[in-house]
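As written, the chain order gives the labels A, B, C, D, E and F, with residue 1 at the start of each chain.
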Amino acid sequence: MKKIEAVIKPFKLEEVKDALAEVGIEGMTVAEVKGFGRQKGHTEIYRGSEYTVDFLPKIKLEVVVADDAMDGAVKAITSAAKTGKIGDGKVFVSSIDEAIRIRTDETGNEAL
Amino acid sequence: MKKIEAVIKPFKLEEVKDALAEVGIEGMTVAEVKGFGRQKGHTEIYRGSEYTVDFLPKIKLEVVVADDAMDGAVKAITSAAKTGKIGDGKVFVSSIDEAIRIRTDETGNEAL
Amino acid sequence: MKKIEAVIKPFKLEEVKDALAEVGIEGMTVAEVKGFGRQKGHTEIYRGSEYTVDFLPKIKLEVVVADDAMDGAVKAITSAAKTGKIGDGKVFVSSIDEAIRIRTDETGNEAL
Amino acid sequence: MIAALFAAPLSAQDAAGGNEATPGTETAGESSDTSTGTDPETAGGGDAVDTPAEEEAAVLNSGDTAWMIVATALVLLMTIPGLSLFYGGLARRKNVLSILVQCFACTALMTLLWTVYGYSVAASGDGQFFGDFDKLCLKGVGVDTLNGTIPESVYFTFQMTFAIITPALIVGAFAERMKFSAVLIFLTLWFTFSYLPVWHMVWGGGYVAEKWEAIDFAGGTVVHINAGIAGLVACIVLGKRQGFPKSPMPPHNVPFVLIGAALLWVGWFGFNAGSQLAADGVAGMAQLVTQVATAAAAFTWMMVEWITKGKPTAVGIATGAVAGLVAITPASGTVGPMGAIAVGAASGLVCYWTATSLKKALGYDDSFDVFGVHGVGGIVGALLTGLFFIDAATGAETIENKLKGQIVSVIVTIIWSAVVSYIALKIADLLCGGIRSSEDEERQGLNVADHGEEGYQL
Amino acid sequence: MIAALFAAPLSAQDAAGGNEATPGTETAGESSDTSTGTDPETAGGGDAVDTPAEEEAAVLNSGDTAWMIVATALVLLMTIPGLSLFYGGLARRKNVLSILVQCFACTALMTLLWTVYGYSVAASGDGQFFGDFDKLCLKGVGVDTLNGTIPESVYFTFQMTFAIITPALIVGAFAERMKFSAVLIFLTLWFTFSYLPVWHMVWGGGYVAEKWEAIDFAGGTVVHINAGIAGLVACIVLGKRQGFPKSPMPPHNVPFVLIGAALLWVGWFGFNAGSQLAADGVAGMAQLVTQVATAAAAFTWMMVEWITKGKPTAVGIATGAVAGLVAITPASGTVGPMGAIAVGAASGLVCYWTATSLKKALGYDDSFDVFGVHGVGGIVGALLTGLFFIDAATGAETIENKLKGQIVSVIVTIIWSAVVSYIALKIADLLCGGIRSSEDEERQGLNVADHGEEGYQL
Amino acid sequence: MIAALFAAPLSAQDAAGGNEATPGTETAGESSDTSTGTDPETAGGGDAVDTPAEEEAAVLNSGDTAWMIVATALVLLMTIPGLSLFYGGLARRKNVLSILVQCFACTALMTLLWTVYGYSVAASGDGQFFGDFDKLCLKGVGVDTLNGTIPESVYFTFQMTFAIITPALIVGAFAERMKFSAVLIFLTLWFTFSYLPVWHMVWGGGYVAEKWEAIDFAGGTVVHINAGIAGLVACIVLGKRQGFPKSPMPPHNVPFVLIGAALLWVGWFGFNAGSQLAADGVAGMAQLVTQVATAAAAFTWMMVEWITKGKPTAVGIATGAVAGLVAITPASGTVGPMGAIAVGAASGLVCYWTATSLKKALGYDDSFDVFGVHGVGGIVGALLTGLFFIDAATGAETIENKLKGQIVSVIVTIIWSAVVSYIALKIADLLCGGIRSSEDEERQGLNVADHGEEGYQL
């Protein structure tokens, strides 16, 4: 099994979710994170002094899929999350040794 | 070393923590995440219009353990987190190449 | 490519970020997490009853780097995050199969 | 008939007490020269010192003055922090500061405009639609000038707080998508060419008051219909927020919404009972009916939502309360307790229907239902004011003519405000090179885009 | 002796000033017919217009009216947003809206009930336990009806705000686990069969007032003991919240707790000084002792916590302030500044002990310590009121008989409220098929379960 | 000249109205014996009952009393929750509770100190720098004692609220790094040896009032300069917060900042108009100029920031409003509407410059700009008060001597407060073994370190 971690722009979450649903992926876990990279932040002002905020709000999406479902899932994510502007984010793929569904103790692909 | 990632129901955190302590695991990192899966969300109302909230609050638990401690840890988590109802969550296991304790620069199992 | 996950003390984030910049790493993702370990928590009081809070606020930093950049990155993090006091945190290294930059569909090291 | 029923407590008492006094007449006991918030003679406070007739009658009453100083503070409390929180809580987190700043800036700006020319144009002189310039910069108003039994300074500041909250109400309609600069320009123009003339027409002895003797005790038309219509026009001209109505936009801080509604409720006593300009029986009854109507509206909204949607929401009960406050405003000087329950229940029902069904049907994006609550609630109140009115002096019901007056004042206000709003928006559009924030700014949120700040660091 | 010491400033002054006037007597200068909030004759406001004797004396005083209109607004402010925030902040995030909605709905509901029958049953007629139906729907109350020197409408609305906050106080005891429908039914029954009769017994010339001349200037028994006992019974009948006391349930928003406490403090001036029904020296002294006692209680709680727990908490100092406000309530018309310090310090100590040690010992789950603060604080205040009372007219200390009256009124209230509460809960239980939320609803939180909303989107 | 322009509305009116009455003179109509908040005779409220002359004149006015009871509540509202929220929101999340508790504890502590000896030392007796002990524990003050037309109890409590907010203001300067115990000790010493004597010198007939007849209608020197200087000294002695100014320390809750500013604004009407101690034309004009000056300052700050920084911030407009409120305080009894605009605009400009440029240049860490806003704003106001003053009685401008008096009072206050603050800090240092929290405590945040609580569980 593969774990796909995607860091995307927050307002793209809904579209990505729908895109994944279309390729049959019905489970995922998301977290609010802050991202630092090429995309420049904005400046804020407090009592006359300005400072730059360069950690930008992003959404981190984690999906564990069967090996063969991987390519489809990655494509779905990248195409749905793309705006073409700096800061669209990244997708990272890694390997999962085992997956277990707590409720049923099913393991492997059945657990997903 | 293995990394165990478990997505569980928030109110189960305490029990899982205690279960892990019993098998001698004294370190973990948790994050508040939102989960999407089989478990259906609830509907909310705002000025007459209803909408479904299908990302549900979950807790993601990360524990890195020595290879031999893995099975025990996984069992501890699954049994403590189980309610038998949809939405209990998943456990994912992956491999860790290296671990370092920042304070002491110890590496490998000593770092855990 | 390698993924470096570091759990550090929140007030060390800026220093770690700068240290990584010095070794040429310009991208990272951070999340607010809570940590449980050797470091003891504090006690709080509510209407006369005291209770211990043992999940402490930590920052989890994720950086994906090319294999050869790994050692430098790890050193940068550990040295910048170190206070020598219990609770400095951990660094975990694991392998990444693939990385994609959503904006450009670049893959591998180009994506970082 | 029905009116007799709902206004009964008043007239019955008038008989019993052997006192003809009724709000809206010249014989309301010790508060005679201030008993009618709508009386041409006194509404233009300044006149008090001009007409020799009232000159001698004019003696300062410390009780009335004490009440009016406080009423003024209460009405300011309605805007900041009351309305600011009500709207700010309804906004999405990324826009909360833009709402708060718009309310604050409106408070500061209108205070200055009202001082420099607003008061004079509204309350001085007796044109049909506008007043005159005799009191620019408070010329001739000093420590000892009186308006009835209170210092004119107090009357001036009390009315100023109305001039502050009315434009601020509109902010809720175009929230989350309008440039801050455009907001300031639009509100300035609207204040000058819609608020002031409508004030003069209804309270300053102008067209509506003179020709139609319409009743607007505390501002149903001048404040609420006037602002509600401006809101509707503005949100239509601006267009919908990105993603509306597809993606839900739940309030980011519901407790703020309820704090805001609560402060509006409390402050409204100053608004309604204060409009009597005296601490007397009419003021007391105005406070009573305000409380009762608000409760009836909140309760109605809650029950209707519970029945139709399955759950009574916090935002719902708070919105219902505001709807009741709006509707009782014009009637608060003439209606009785039972009439108040009717007014409240009616506005709860109608506003619920507007803010939910009608809005969905027509598809306009009135962010926080300024039209649905203030526009519609104000109309409901204005009409029922005519329906439940009884001329206690004669005891005769004069519903027909009363209703006619009310209907006319409503129509005049709607048309006037709509036209002025539209033109004002176009002018703002020209001056600001577009009144709408850019797509990216709207997405990023106006906190950072317009004000360079984030709402919270939690 | 001790009493002489603590009430000294009053009597001393009475001598010096060569003026017998003292709160609670018939000779308190220009406010004679309203100086005793507990005087059977005037408490039932309506009587003012019935007894010919007072008929002629009855002239509206604009100063008194101004103060009472504001006092009414202040007491409403205590419930919304004051109490709502105090309780809402103490709740866990998942339940904050259920608290706010319960307080809001209680405000709307009680306003209607008080108008329709509450006022009449409490304040009209002279039965032993209940009043009569003469003033249903405010029959006979109009713009010109007076109660003493203020419009009866104002007296009615002022007392309404008491009828609102008292049931709302109970909400804190059964918070986070009771069905919303059951809450409304329970509060309606309790209001009708416990609040109204106790009001009538203590303030309406009923049993306690007549037979025992108990002193309750602003509502120590009628409001606080009454509500505190209802809370205790309710939380015991309902049972503990899941996880109590094992898992900690810290407040989700401590700043809200302090804002709420602050607004309660400020609003309480209307509650206590307003109970004088006039703007005079007694009202002024009532405000003074309220401020001093509250400060003493807050400071005491802070120091005790600091010493015993090592740290003075924010929730602690806020709770201490509320305890002081509760305790001084019945005494605020008769005690002097030094007595106020004693009352405050005593309540701070005793309530701290109840809310911490006693509750732990007995193991009941009074979510926000309604019994610990209002029940116990009310009892402390009621007793000390008798202890520090001095009959200035005679100068003689009458502690014995005074104390007896106070003790009786406390016991009567405790028993009455406990019995009614228990029965009311059982009835609600039948009507709602259980008064407690389901396990899942409680775990999910009542925001979503009862109201279909989340508190924040942060 | 210029003065004539800005104070014109007043004098013009005086001519027109054929009435010499002007605030600050002995002939201001029916409020003569209370018209000068700065008049030695009446400021020391107690005197009212001592001098036989006033004895007979002294009759309670229910309107004035009604207003003053409410004004007292309004000024308390300024500290809790007003100032607490303003400061609490500006703090970082980890310190919000320490701010709130410090404000609350200050409220409780100062209430007790003012009661036990503060009032007597400040307002009783006629020494040059301190009063006497005749009124310790309110000796001789009872229900019937009057101060002018209001009960002395009300005057006492009203002044108590000033004694509460003044030390509380200082908290903002040393926020986020001072031990709670040290805070309490420092404030107690400062209150005793700086607040009380300055009060006596300026309002109690002491040195400044007697020798220089300085005008301080509502507390520009006594409250704001006094506190502002103490804040500056304290933040310098304490040293900077860790990371200041390198790492940004943005407010954790900007909506709280705006709610706080709004409540300060509303409450300030009690502060300024209340200082007239009567509900009359002077009070009305004081409220008017307070509103206008505040709006002018908020608007000025907003525009300056918009022009210089590119964006108008929420914290900016709120801070500007406070700057305006501070500056108009001493002038609110004598300046006219146009003068108020000038005072507001000037303070907006100068305070903006101080809080941004000057602070950065000098590098001191005045956490929430207590010196920048209250110290500097107070000075601006005090000087302009002299500049815009017109002696209407003679019609002659007496700027020179007036200005001299103002300058002296400012200098005396600055020196006195600075010296006392420094010594008080040193004493606190000794008693607490250091006044500064440990490095770890500061990093962890004072919520947990000092109070064992976290602000939110969100």
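Following the convention adopted for this analysis, a contact is a pair of C-beta atoms (placed from the backbone, for glycine too) under 8 Å apart; a residue touches a chain by one contact, two chains touch by 3 or more.
Worth saying up front: this structure is predicted, and the values here are computed from it rather than measured.
Note on connectivity: the fewest steps through touching chains from subunit C to subunit F is 1. Per-chain CA centroids place subunit C at a distance of 53 Å from subunit E.
Separation between the centroids of subunit B and subunit C, computed from CA atoms only, is 18 Å. The set of subunit E residues touching two or more other chains comprises 61-64, 66-67, 70, 250-251, 253, 279, 309, 311, 313, 315, 452-454, 456, 458.
Counting partner chains per residue, subunit B shows two or more touched chains at residues 31, 44-46, 50, 94-95. Working note: touching chain pairs come out as A-B, A-C, A-D, A-F, B-C, B-D, B-E, C-E, C-F, D-E, D-F, E-F. For subunit A in complex with subunit B, the residues that touch the partner chain are 3, 17, 26-31, 64, 94-103, 105, 111-112. Here subunit C touches subunit E in the complex through residues 44-51, going by the rule given at the top.
On the side of subunit B, the complex with subunit A involves touching residues 2, 6-8, 31-38, 55, 58, 60, 74, 77-78, 81-95.
Across the interface of their complex, subunit B is touched by residues 247, 443-444, 448, 452-454 of subunit E. Residues of subunit D that touch subunit E in their complex: 9-14, 16-17, 19, 21-23, 29-30, 61-64, 66-67, 70, 74, 92-93, 250-255, 258-259, 261-263, 265-266, 269-270, 273, 278-285, 287-288, 291-292, 294-296, 298-299, 302, 309-315, 317-318, 321, 336-338, 341, 456, 458.
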